[in-house]
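Presented sequentially are two complexes of chain A, the first with chain B as partner and the second with chain C.
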Partner chain A sequence: MISEISPQMLLDNEAFKRSNEVLYVFYSADELTLPFLSKIGIQKCIYLSEVLSPLKKIILSFMDFIYLHKGPYSKDIQNILDHLVSMNAIEVDSFSTHKKNLYVNYKITEIGESLVENLIYDPMEKEKLEWIRIVMRLIDAYKDAFDLSQEYGGVDKIIDLVYQEPSFYEIKQRNGKGELIPMGDKNNLTMELIHFLEKVEEALPRRFNREKYKLDWETVLLAFFEYLYVKYLSEKA
Partner chain B sequence: MKDEYIKLPIIKKIEVKGYDLFKTDWKYEFKNGLNLFIGENRLGKTTAVYIILYGIVGLPKKNKNFFSDRLPQREQIRDIKPSVRLGFAIGFDYIEIERDLFTSQINSLSINSQAYKKDKDKKIEETYSKKIVRLAGISSLNDYAFLLENLLIREEEGNYLLWEPEAQIRILRLLFNYGKFDEEFRKLEEEVRKYDTRVRGQQDTRAQFKKSLDAIKNEKYAKIKSMEELDIQKVEKRLKLLIKDKNKLNSSDKTISENINNLEKKKKKVTQIVHNLSNQIEESDAEIIGMENMFFESAYADPKIQLADHKLKHYQICMFCNQKISHKRAKSIVTQIEDEEKCPVCNSKVIRAGKNRLGEKEKQKLVKDVVKKRELIIGKRRELSQKQKELDDLNEELKQLWTKKRRIEEELEGKFFEIDDINLTISMFKTGKEKELETFDREISALQNQMNKFQIQIDQDKVKYKKALGALGKKNREFNQVLEKMCNALVKTFKNYALGFFNECELVVKERRPKGSKISLNVFIPKFDGRERTFASQVSKSEAIFLEYAFRMSLCDSFKQITGNESFLVIETSEGAFDMSSVTILANTISRFYGNDPYLLVISNLGRPEFLRALVEKTKKDISDRVLNYLEIGRLSEEQTRDRDKFDGILKELFDI
Partner chain C sequence: MIDKNKIFKIITGSPTLKVFKETQKIELVGFYNQLEALLKRDIPYGEVGEKFILCIALTFENQGEWNIFDSGVLASKIEEGLLDENNVVLSNPKGYVIRVIKGKYINNYVEASNFSGEQPRLVFFVNYMEVHLSFNGKPLHYIANIMRPSRVGVDTPEMLPAREYRKLITNHHDRHVYKERGSFKYWRNKAKRILIDKPEIQFNKNLYSYLDLNVIDGRVDISATISGLEDKTDIRIMTFETGDIYIIEIKCLGKTNSTKYPDDWANEGLIELCRYLKDEKDAKTGVLVIYDGRMKDEKINWHADIEWHPKVDRDPMKFFLVSDSASVKAKKIYSALKKKKKGL
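What follows is the complex of A and B.
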């Protein structure tokens, strides 16, 4: 029995956008036939989507990630997850406890999928979904490269890659627990790297067909993942 | 009148009451010949000297707490007011006066048995002063104060008349001339000093004028020289060049000002555009957010979404603990959610999804509108960015222009000043030197007039000064004649007294000019061993004391011999400065003085019994009536009390008391 008049929590513009972005991550995971996303995994996926977003020149909504040992963490993501669960847009697939820690896995519901399909009427929302979709695809591709790590499973394995993200890495080096990770400004090392790539492109000789040789953002994103992976490997070695 | 000499106060009795420095009240009646006040140190011997002095002339203003300050502690003062009662003769007249020791006010007064009381005679002080002046033939009570302090009372560490020319001369003038002579002499001295000061002051002022005059004259000569050296053609050429520069600068300034004006206008326009664009963007942003929210609300208002209250509403099962609850309770919560649109946990507003759900067509239109709006806003942002850059460029340009304008203005100001200076120089040159120099001449003439005026005044005052100086000289010569007359008597007496201590010592007259005096005056100085002793440093301490006593005693004797008037001498002895043999000589000399029966008070301690023994040896009269014993009236210290028997033994042996 479905109520015709379902009460709905009142959300502001930013909260709607955050809610949308979380749903796009789950939607993309479902497309890739990833069975579920954990509390830890979803944080890493959104962090990578957010920190790399200047590559596509789009603006995402999560800004206040802090440094924790298990990777970047935003309490807003957890709030949105709980809210989406209450709306049945996502559901708890399974959960377990280990030493006071609660391990929860979520997956998208039909209602969630229907919501996403409704939201992408707006081309700007569609663009965000596309960005998150390709980030998720790369995460899926790289996750198996970290098979040696026994601590985490599935998408959570990507944590080893996120550790190499320059802004996070810098704080990790000094073990700055609870520090706010700089996003989208000059202090962010990833931003510096992105600007460097733009400059390389601008510096191409005139006789080059710029349109032909222009690096598309998918290529640059791929290069970035490769860069993080190489860093991971060199550290392991 | 001229032959009327002054009369000195002859103390007949003293009575001290209520003064806590002493153990008891005490009194003493003086006899002609020797009187002795004997005691140890710190028993009030010196105080007695001052009681006599200030009893007669009153406490001076600068020393008005003299007697209260001598008390060890103020709280020891008794209720009874301390007082002194003095009886003294001036010639054949007898005066008795009682003064409050602390305030110095006269409590009572009687002159030749006529009594004056403080309560009845309000002007008792004035009466006393006038009567004394008349009876003694002095000019004022100050003369008495001076005589008492400098001649008639000699404290242990007192002054030396022999080597203080000013004091000695005044004493001589007071003693050996008619009473008012000293006052007349001092008035003449004052007049000489007055004119001297005035002439010096005027000469100083005149010198200042002279200095100013010289400065102006120098300035005038410098001006004449600079005018002679001026090359007018060169100056005019420089002026033309300056005016040309100035016009050029003015023209640049004008152009820059116009440019600034134009740019400011442009800036105003662009600023307005930036402002408008910012407002539009802000408004559009708000609209877009509103439209997005409408779209998101619609998407999230999917009726398929089951909320937590579903279980509560339809199965009365709690969404948190899965327990069954009553229909009534469940209905109440659901009503709150659905009808009142309030969250049951935090009371926040909840919306009803179905209400905001858009139809397909509405949704498509909304998305189309929002996309259009976003494109529009992107265009506006681009435009804003261009205008902002334009505005920044304008500001930079304006800043440069303003800097340039300020520099030109500074340069212009410099040119203006230089042009003004040159114009002034040229106008001075053209109006002629004479006119320019006239100002100097006027000032010079005015200063010269002032100087002349002062010179006349100086000349007049110089005449007056010389006249006063002549009068003073005449007065001094007059006095020198008097001195000549009395000189023999004084010199002879002095020689007699000095014999014994010295083989031969005499007084000689010497001209000395005291500090501040405009003429040289004759004073007496001692001469022995063939040398005149002009300064105290030329004799030993015991010699100085001995000579001083001899001189004072000689003055008293000569005074009596010449004027026929009595004298009274108080000596607080300094016998400690003498050795064994000379202390006896000193005592014998003093004995010779009182042998003539003048009133003499010797104040001494018991330290040198041989001095006292020699002193009283010559007196044929009963000495025990002539002694005031301080051991009886003073407050003895512990040591003094212990030695009392020893003191009493000496007193018994010497004076049979």
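What follows is the complex of A and C.
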């Protein structure tokens, strides 16, 4: 007998996948000894993990980021945070304020850690965690770079780099509030840049030692972050 | 639209990419970013003085005693004299100092580079505003002045294409040589016009660092080899679009405590440059840059027998080194500004 998968089951399945991915972000943050993630920071971390994921052909589940003035925003994330708190997988750590708004800061619990350690028995889940882990390490490496916003603290400072992210930046330039940010490998400025970086040595004249400038995928990712930072500094100068 | 020149600048010259390519450790990129931010934050407020010389060697041990990046901590350690006799600290990538190495004082970047090779490790040598990075016994990156925009690829008002090399070299002179900014010092005794030992090294490094940040369309190298030869140019620029090569040869005239560098020294520079141009088939042009520390601002007597290579810039650039005190220089700058305003 062929089992039927109802639309509701598909929806539930998708929701669980998203919950897992959010949990991986918290797990990676904990490994990096980051004390907490705010709800602003988590949006940015998930966005970068998602928009860059075609580089490693990883399929993540958040495709519905829209342009808001505070950066890319997915309404699902707040619901998932509430869901994870109700499961005791993450907990409220503290509160912070920004422009009179109160923001909740979350951190992973032991239950959350144990959930992740079980989930990664599945190789696909493990691959997702590895991907998010490396994006988080880059976020950690750049969050304290010189001249990033003084308005924010910790991981939230990465907001200045996310504003320079090509797919977001393009919509920001035309002030397309509420517009869906294109994700995936096609018709997307982010991937256009990534693909250029993947074969950057071929674009240099033969006089250059092309082999020396061939980038592996981790260096492509680092070059991408450096590009965002350099663009930010250039715009600020 | 992708800014290709910016990307080429990053992949060929960014310090963070150099660190990662050598070490494969993202944490060390984080350390670089934090150290740069710390120096840019603390130096302008006088938290650290001009005599500040520090060598940081990276290790992956966990337990640290204090953190370099905690606000004001490094400055207060320097103030307390912790680094007066021993200036080499072992730090982990999070900035926790494992220990200060006893009986070890590193005076210059060559010693720092050698130290990085004793055990393969990343070493930062910080001499006030000057920063040298080395890994495993070889120099990795150099920043002449950390207070300038110090990230390769960042837009600056002084950015120009390589073909405008004369303007670039002149701008460097006006902004950095004339004003002796940051750690860039070339006089041992201004009143007697005695230069420091091996002054060309200072000019070479400082101009390289300036060009690295301000040549918009090419990679800048210091001591790059000529194709197929062992000769090394002082500075070489190679453009991203065409691969054209620009060679810059630097000579410094005047006297140090032990050596005199007369006209002949400039003539030798010209001969060297012409030889490089003959051997480097992709060279577009080459220019001789002379920093003149002699007693008087005199013309160079070029030897009549020198065969000028067709590609050499026939007008070598000569800058007379002014040895006025800072206050006299300031008066001169102000007077020039007033004249400019009056349209004189």
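Here, the second predicted complex is superposed on the first by the 198 of 237 C-alpha atoms of A that agree within 3 Å, B and C clash if a C-alpha of one lies under 4 Å from a C-alpha of the other, contacts with A are read in each partner's own complex, and residues count from 1 in each chain.
Everything below uses one rule, namely that a residue touches a chain if its C-beta (ideal position, glycine included) is under 8 Å from a C-beta of that chain, and two chains touch if they have at least 3 such contacts.
Bear in mind the structure is a predicted one, so any value in this text is a computation, not a measurement.
S.K.: Does the superposition put A:Leu119 against chain B (first), chain C (second), both, or neither?
M.R.: Touch partner of A:Leu119: chain B, not chain C.
S.K.: Just checking: does A:Ala89 make contact with chain B only, chain C only, both, or neither of them? Give me first, second, both or neither.
M.R.: After superposition on chain A, A:Ala89 lies in contact with chain B alone.
S.K.: Just chain B (first), just chain C (second), both, or neither: which does A:Phe16 touch?
M.R.: A:Phe16 sits against chain B, while chain C stays out of touch.
S.K.: Of the partners chain B and chain C, which touch A:Val230 in the superposed model: first, second, both, neither?
M.R.: second
S.K.: Residue by residue on chain A, keep only those touching chain B in one complex and chain C in the other, then list them.
M.R.: none
S.K.: Which residues of chain A touch chain B once you look at their complex with the stated criterion?
M.R.: The touching residues are 1-13, 16-17, 19-20, 86-89, 110-111, 114-115, 118-119, 121-124.
S.K.: Can you name the residues of chain B that touch chain A in the complex?
M.R.: On the chain B side, the touching residues are 289, 292-293, 295-310, 313-314, 337-338, 341, 343, 348-356, 363-364, 367, 370-371, 374.
S.K.: Sort out for me which residues of chain A touch chain C in the complex.
M.R.: For this pair, the touching residues of chain A are 33, 134, 137-138, 140-142, 144-147, 192-193, 196-197, 200, 203-208, 213, 215, 218-219, 222-223, 226-227, 229-231, 233-234, 237.
S.K.: Touching chain A in the complex: which residues of chain C?
M.R.: Chain C reaches chain A through residues 2-4, 6-8, 10-12, 14, 16-17, 20-21, 24, 26-27, 29-30, 33-34, 36-37, 40-41, 69, 94, 149, 151-157, 219, 238-243, 245, 282.
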